Amino acid sequence: MGKKILWINPVATNLFDETFKKEFEKVKQPDTMVDVVSLPPASGPTHLEYNCYEVMIMPEILRMIKKAEEEEYDAAIIGCFYDPALRAAREITEKMVVTAPAESSLHIAATLGESISIIVGRRKWIPEMRENVHKYGFGEKLASFKSIDMGVHDFQRDRNETVRRIKQAAQEAKEKDGADVIILGCTIEFGFYHEVQAEIGIPVIDASIAPLKYAEFLVEINQKFGWGHSKLYGYQSPPNEEIEAWNLF
Amino acid sequence: MGKKILWINPVATNLFDETFKKEFEKVKQPDTMVDVVSLPPASGPTHLEYNCYEVMIMPEILRMIKKAEEEEYDAAIIGCFYDPALRAAREITEKMVVTAPAESSLHIAATLGESISIIVGRRKWIPEMRENVHKYGFGEKLASFKSIDMGVHDFQRDRNETVRRIKQAAQEAKEKDGADVIILGCTIEFGFYHEVQAEIGIPVIDASIAPLKYAEFLVEINQKFGWGHSKLYGYQSPPNEEIEAWNLF
Amino acid sequence: MGKKILWINPVATNLFDETFKKEFEKVKQPDTMVDVVSLPPASGPTHLEYNCYEVMIMPEILRMIKKAEEEEYDAAIIGCFYDPALRAAREITEKMVVTAPAESSLHIAATLGESISIIVGRRKWIPEMRENVHKYGFGEKLASFKSIDMGVHDFQRDRNETVRRIKQAAQEAKEKDGADVIILGCTIEFGFYHEVQAEIGIPVIDASIAPLKYAEFLVEINQKFGWGHSKLYGYQSPPNEEIEAWNLF
Amino acid sequence: MGKKILWINPVATNLFDETFKKEFEKVKQPDTMVDVVSLPPASGPTHLEYNCYEVMIMPEILRMIKKAEEEEYDAAIIGCFYDPALRAAREITEKMVVTAPAESSLHIAATLGESISIIVGRRKWIPEMRENVHKYGFGEKLASFKSIDMGVHDFQRDRNETVRRIKQAAQEAKEKDGADVIILGCTIEFGFYHEVQAEIGIPVIDASIAPLKYAEFLVEINQKFGWGHSKLYGYQSPPNEEIEAWNLF
Amino acid sequence: MGKKILWINPVATNLFDETFKKEFEKVKQPDTMVDVVSLPPASGPTHLEYNCYEVMIMPEILRMIKKAEEEEYDAAIIGCFYDPALRAAREITEKMVVTAPAESSLHIAATLGESISIIVGRRKWIPEMRENVHKYGFGEKLASFKSIDMGVHDFQRDRNETVRRIKQAAQEAKEKDGADVIILGCTIEFGFYHEVQAEIGIPVIDASIAPLKYAEFLVEINQKFGWGHSKLYGYQSPPNEEIEAWNLF
Amino acid sequence: MGKKILWINPVATNLFDETFKKEFEKVKQPDTMVDVVSLPPASGPTHLEYNCYEVMIMPEILRMIKKAEEEEYDAAIIGCFYDPALRAAREITEKMVVTAPAESSLHIAATLGESISIIVGRRKWIPEMRENVHKYGFGEKLASFKSIDMGVHDFQRDRNETVRRIKQAAQEAKEKDGADVIILGCTIEFGFYHEVQAEIGIPVIDASIAPLKYAEFLVEINQKFGWGHSKLYGYQSPPNEEIEAWNLF
């Protein structure tokens, strides 16, 4: 059948699109086709460190989701660790599944260990992310958030420095907070998990690879068994007449 | 000093603006000036029963919030019981306070009794609202959600029928679920609280009056004691340079 | 209509009555009349650091509450951060609302930020206060308790030293515990919030001003909308015949 | 060594003292000496269905506790299922242990099964009792509260009717709520557990026997191993100088 | 690389082995090789409805797990919805991943909807399963357990009757309990999900297919990224010397 | 009547049997007869630091439990702080009660104080023990786990060193974590509680004495009032025909 997956970089820069595309080509399943899109350049924020930035591009996310389903994608990934607009995205799709970095990383991490630390860029990110960890049910498994005091666009600037800080935070998470598993809590913390994991010796989940693989998994069980998002209550779709009357997406 | 408050009807219809305005004039404090705005007609959804509808108008909410602060409003109320974009709204304001129906109704209800039932229009609304009840800390105080099987635009059509259903739901909430207090979980369930309360004999919180009064309260403690939203972590403001560079609001 | 509010200093000393009265005159609403009473001097404890002290004066609190309602007060505040006898007080009133420092401070703090630290005098106070924080629903929002190792009667002795310790504790709460908002967890920690807030830059809630303003808020919604304490289950009143037969209050 | 235990009926009637005494003589350990006291007749409420009744007699409870320790009792039981003034009582004792019906019944029930229902007289009792169940840590194990619509002084009036209602409630708790264990949530529901238990076939905990036996257990481990209440934080004793200066008990 | 997966039917009957094998051949990935084993016939229980049955065969599970890793299986599934010995199994493996029906079904269900009902055979099963639901973090998402009053060996006897009861329970879960997703809480409830799902219109998770697919997913991320179970704390392996000295497995 | 109690050292060494026996003789009630058994030497692990060790000897625990009931023991104690196979043990007994160190120590500690620290040998033990603390309902009362970095067989080697480390950990638990009560979280940490308690001044619960005394308590209420484990749901016994057919124990 094949799996057609869309990665949405919900930022107004294509700066990372090619890198993601390349990385995904290496890790995807053979029958997966993955596309990477971002918002039109200069149309909005180039990172989503603030919830208000998320909000401003959420409608564009939904339009992309809607279009993706029309173009017969089997899954879409909203590529930001705040998992922006995930409920809304699931409401407006009928067959396509939708996932996001925090959800997928947390499900994986909670299967691999019992105590999870999340390494973030800034302390500002923590309250919204903690809210999500609790919402997904993993509050009791949260060992700690660790901030390495870097913005989204700092991570890839001086990679040695970034790795150094991540390692230090991960080490503290292990030693002081009792973490069994580490999650790198930003999709732009890509390219580091392997080296950090090799050194600290516990699983280090990459927040861009995790949702890609989780999406493939969800697509497969949806295609084979019809196990897609329930449309009964939480993700119930709005009536088509309203969508059309209001010219919504 | 006076309190300048903006009620935002986050829907693309001014159908209810005048009614709200009239109602608020009756219940506001003498030194309060309250304005009611809605989205431009025909620019989007006329109700927000679906999370995806919320998302589509969230940016417009933020623009209105931003403009409201520039126009020196002391408080803004995002007038939908899902409390859409509340975190984002608090990020982008410096002095103005922002509140919303669920937050304010729940704080009041939890002070008046120990067990709360929320009467909603449709079961579809419950998952997102339950998420909010837990997020605000009142999960243990939730007796039940009761659905009366009506959409937002049905509430005011046959008022007798609406009252009949609300009374029945409230009675069940009292008798079977042990509710001490009832919240009418939609701003368009206005005009009913008084009659229902008189009959069932426990507090029935109106979701449009509650946030107006809570906003007045927040404005007063902000003006007198500087107790506004903390800008440290959860509601930290983004840097102005970014907002301007991206022409965000 | 006016708001007639009684502040009860539930201690056997009028040491602080005048100061409170003066302070309240400055911050109250124009139509509020606020009285401050305390227990007869030498009739009992002059502070309530121990739960057993609270218990010994609880009946006197109830008598004062009962009398306050007879004298047509609209609200009473039980002025100790343990919120002593709050449930009982709400049982015996019919129209008057009753609130207390912890309840009101926590509702305010949880609206202004997502993570709250409470600065107390001694570690002994923490278990009972933590119990209350959980009871009110704010357990998930509690960043920390910080003790500054002072008794109730030490706070106003060397004000510079008190301020120095509060600032240090607040700073730690911000930096190490991630607090968005600080509560000064004793009514006798009055007169400090302003200076501390100015320095540390996040809201610092004063535990005597907060309940006064919250009481005014509750009175207003009670007078206008009949939203007083639910008398159905948790705050149900005892039968008058029993009260009279036993000559209770 | 012997165990000297005091049962306090915290009500102003000696109506039940003799019955309790007789019952306790049958079930106590051989080396236990148990006394039963109540408040002076006509000095206050003869039942504690309301929290405000509890509050009014709490100081007298503390005086009795204090006196009991002076008279070298090894344990005291505060004989009401609301467990009134338990924290305060533990603060003012040095060696004597103190327990109460809800605490002891819940610890026993949670050891005998995983899901507990509590049969109460009136729905009014539930909110305060539920608060206690959560406080003690057994919230997740609570299957239900069942009310049989009887006041404290009704239980012993028509014993057949009482037994009939308890059996029906217990049956429902088993069948509909999944209860493994039943607690009779009032000390005056005495004399019924045996018959109900025989019929419904699961443990039915009597709220007066349970604390007596738990008290004996606590006394024994205190005498043998020094395992009494921790006096460090939560049950720290107040300074003697203050107690004396204020002539507290 | 291929995925070599072992399904362990932890019962002393090969009654279902062939059926499982056939079913798995239909649903597995092309590069997956799946074997099905059970305990030697007549060596113990043929179902695990009781925890004591589980316990008796747990050592044999561990021996099979140990042997599976030696035979270079990439994953093993412990095929009972109580997830017996899952922690122990993860301790004794180094590279092989281990999963089980409840864990995998719950992770899937919680991604597909927000409210989950589990249909079990007997009420006896519920307490242990509820314990697991909470342990995995999904307590807040549990709508209900529904019992259809059948033992493990009844499910496949009269399939029409079984389907009828499952449909009825699922319908109730949807209508009364607000479930978005259904889990069939026993591996022997196989062969029903498709028909039930088609009729009730929400996802119905089969507890034998779910862990197989989850195992494939875990194997893939383990092979590609080294994301296997953390061996730091919770699943730390015992020292080989001890295992050998005691001739453990 | 007498109380006949069996302590099961669930390890394949009789190294500690005599010591336990002696110790129990000193602390038991006069009418208690206590036997101590262990697994046959060289038949398995000599400590249970790993969950997989527990699992391997669980069937033997059940056989001993079954035999104990046949030999008319009134109670059995499964002597390891992980409380292995407790649910299963309760399923297979009809009259005999069963308890274990963590359960009994936690019930006692939660009655003596509000905040509990558990001193363990290694950090590896913590996840499974924390799971149990939450399962029993005492998660909110857990101040901390403290590891003293010693294996089970190290505790009694250099007793001075062990005491030194326990004291240091206990001191930290008091000062930094706010613990009211300490539990020594391993039965082989015996012989230390008295000295540590004397020095640090708060209750220090010994994990072998606690379950013995709790067992005596449970036996007494079972003998006198029929309050044994509920056999309805969670601890329901399997049918005898199955046990016999499968020759289970």
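A, B, C, D, E and F label the chains in the order they appear, each numbered from 1.
The criterion applied here is as follows: contacts are C-beta pairs under 8 Å (C-beta built on N, C-alpha and C of every residue); 3 or more make two chains touch, one makes a residue touch a chain.
Since this is a predicted model, take the numbers as computed values, not measurements.
Participant: What are the chains that chain D and chain F both touch?
Facilitator: Correct list: C, E.
Participant: Have a look at A-E versus D-E and report the one with more C-beta pairs in contact.
Facilitator: A-E
Participant: Count the residue numbers both chain B and chain C use at their shared interface, divide by all numbers used there, and answer same if that is over half, different if under half.
Facilitator: same
Participant: Rotating chain A so that its CA atoms sit on those of chain B: what angle is that, to a multiple of 5 degrees?
Facilitator: The rotation relating chain A to chain B comes to 180 degrees.
Participant: Using mean CA coordinates as chain centres, what's the gap between chain C and chain D in Å?
Facilitator: Result: the chain centres lie 30 Å from each other.
Participant: Between chain B and chain E, what's the gap in Å when you average each chain's C-alpha atoms?
Facilitator: For chain B versus chain E, the centre distance works out to 44 Å.
Participant: Give, as an integer number of Å, the spacing between the C-alpha centres of chain F and chain B.
Facilitator: About 53 Å separates the centre of chain B from that of chain F.
Participant: Please list all residues of chain C that touch 2 or more other chains.
Facilitator: 114-115, 123, 126-127, 131, 134, 140, 178, 180, 233-234
Participant: Mind listing each pair of touching chains for me?
Facilitator: Listed in label order, the chain pairs in contact are A-B, A-C, A-E, A-F, B-C, B-D, B-E, C-D, C-F, D-E, D-F, E-F.
Participant: Contact residues on chain E for chain F in the complex?
Facilitator: 12, 44-46, 49-56, 58-59, 61-62, 85, 87-89, 91-92, 123-124, 126-128, 131, 134-135, 233-234, 236-238, 242, 246, 248-249
Participant: Which bits of chain A are touching chain F when the two form their complex?
Facilitator: Answer in residue numbers: 114-115, 140, 178, 180.
Participant: Can you list the chain B residues touching chain C in their complex?
Facilitator: Touching chain C from chain B are residues 27, 29, 99, 103, 107-108, 110-115, 136-141, 174, 178-181, 193-194, 197, 201-203, 205-206, 209-210, 213-214, 217-218, 220-221, 224-235.
Participant: Would you tell me which residues of chain D are touching chain B in their complex?
Facilitator: Residues 123, 126-127, 131, 134 of chain D touch chain B in their complex.
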